[in-house]
């Protein structure tokens, strides 16, 4: 990878997302009174679980974290730091959501590109983008016996989908690939952060026939 | 596929099962107050989760829903309709169980045939039949933080097993393949519906040594 | 496999672990009032779930239990016996922990050797060892809607890790392979049993900045 190339940028943002996920996983695991290695395991599930499911579904071997050990090292280090300084991190909820939004954007773009590189239909590639960005968090909540947060009330899958749609739109118009990635990343991050700041929720589709 | 061939019939029954699963998934997700995309995700897990695990275990790629987009389209449409008209569907419990039994039969036969086509031992093929028909529902309940219904009290796995045993019995006798499939489908559907209608449960094996 | 060879010994210890896991799975499933086949399914998840995830992640097909039917037969038989004589087994907690520790040791060594045989980095091989020994129990608890026990308070992952580290240390020193396996097995079993007997727990890393 070239320094300052779009791929390098995506890799760096990916690592930011990995750190945010490892952080969120450790925090929840500590609340559940998991032990040292339990916290690390939940961090790993949260950070690389979605990408692992994507790769297994696409038959993409070896898994990305088996060849690039940075993932495991970064997650373990993050979880370690988070466990030691846990009590300091009680009020950084907003900061975590900021880095988490970067992760959502990076994970989505990576999932989309992996799907397309494997020649899947665009609809399936979009599903891979969503899967990469949310499956880790869902599995974290399943292990910790919580109802998955991302499925409940947050504009999360929607932000990922909005970015994916923009990606295909830009491809149709004929925008340069590097600009593609940057605009898609910015859109996902922007939609997610706006949702966090203004407490946006999806409206319910439910019609009421009870009257 | 020829129209009116056994394969076509199984495909159509499969789609009926997919709709029933998407329906059941959305209903549970709405009760859990999941948002629009959360409901669709749970529908997908419920409808194609079992087949996905089966294919991943057998190394059968690409996954069936990656090449035939009908699955994703049918699930999304079903979930959408179910979310809009949710309040109308409060009293259709029996109807849902009827379609769900069709799905159980179709999923089991498909799982069995896929296992056999991959040259697995009959015992493993039967496990693939059970897995295809129940793993989606189990994962749905795990995501929604519920104890899996199919493991608790219903004649569900038993109906699938009864059908699989009949399938091998018919093969040994030398019945024509098309008749095989039809009789197996009818048996699984029949056992399941009888269990629903007469509230059948498996007896506990537990001996009581306490006296 | 030669009789009395290290591989044969590991295979036998593996089966002891499989029985212990099938036992533990059935016991929890019975407490959750699962039916006959529900108990068998939870036993299977507990006993061969970890190895299945490992093999899927490493793209190692066919899965080990698809070619060696002993696994499925032993699990089903164990679950059957456990369900019939359940009330007799209320006070064998310590015995179960003994056999379970044998399973932890065997599963870890098998996972480690499979990882190394696939040419993964030692760090990834250690993760495969941990995964093989704990993922089944975690999935059992997830299905049964419990917070995973192995992540909470037990010296479990730590025992597996201690054994793996010793394995690489012995390899570096140049000890014979058969001695490797035996010493690693003994270490994992020993650490786990000592933790059970003396109620060892990992200390929390958390610093307290609240004063």
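So that you can tell them apart, the chains are marked A, B and C in the order they are listed, and the count of residues begins at 1 in each.
One rule holds in what follows: a residue touches a chain if its C-beta (ideal position, glycine included) is under 8 Å from a C-beta of that chain, and two chains touch if they have at least 3 such contacts.
Treat the numbers as computed from the prediction; the structure is a model and nothing was measured.
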{"item": "Copies chain A and chain C touch via same or different residues, half shared test", "value": "different"}
{"item": "Turning angle required so that chain A lies on chain B, C-alpha fit (0 to 180°, nearest 5)", "value": "120"}
{"item": "Distance from chain C to chain A - Cα centre to Cα centre, in angstrom", "value": "30"}
{"item": "Chain A: positions in contact with at least two other chains", "value": "56, 59, 142, 145"}
{"item": "Complex interface listing, chain B residues touching chain A", "value": "29-30, 32-38, 41-42, 52, 56, 59, 61-63, 65-66, 69, 72, 80, 83-88, 142-145"}
{"item": "For the chain B and chain C complex, residues of the former touching the latter", "value": "56-59, 120-121, 123-124, 127, 130, 134, 138, 142, 145-148, 150-154, 157-158, 161, 201-202, 204-210"}
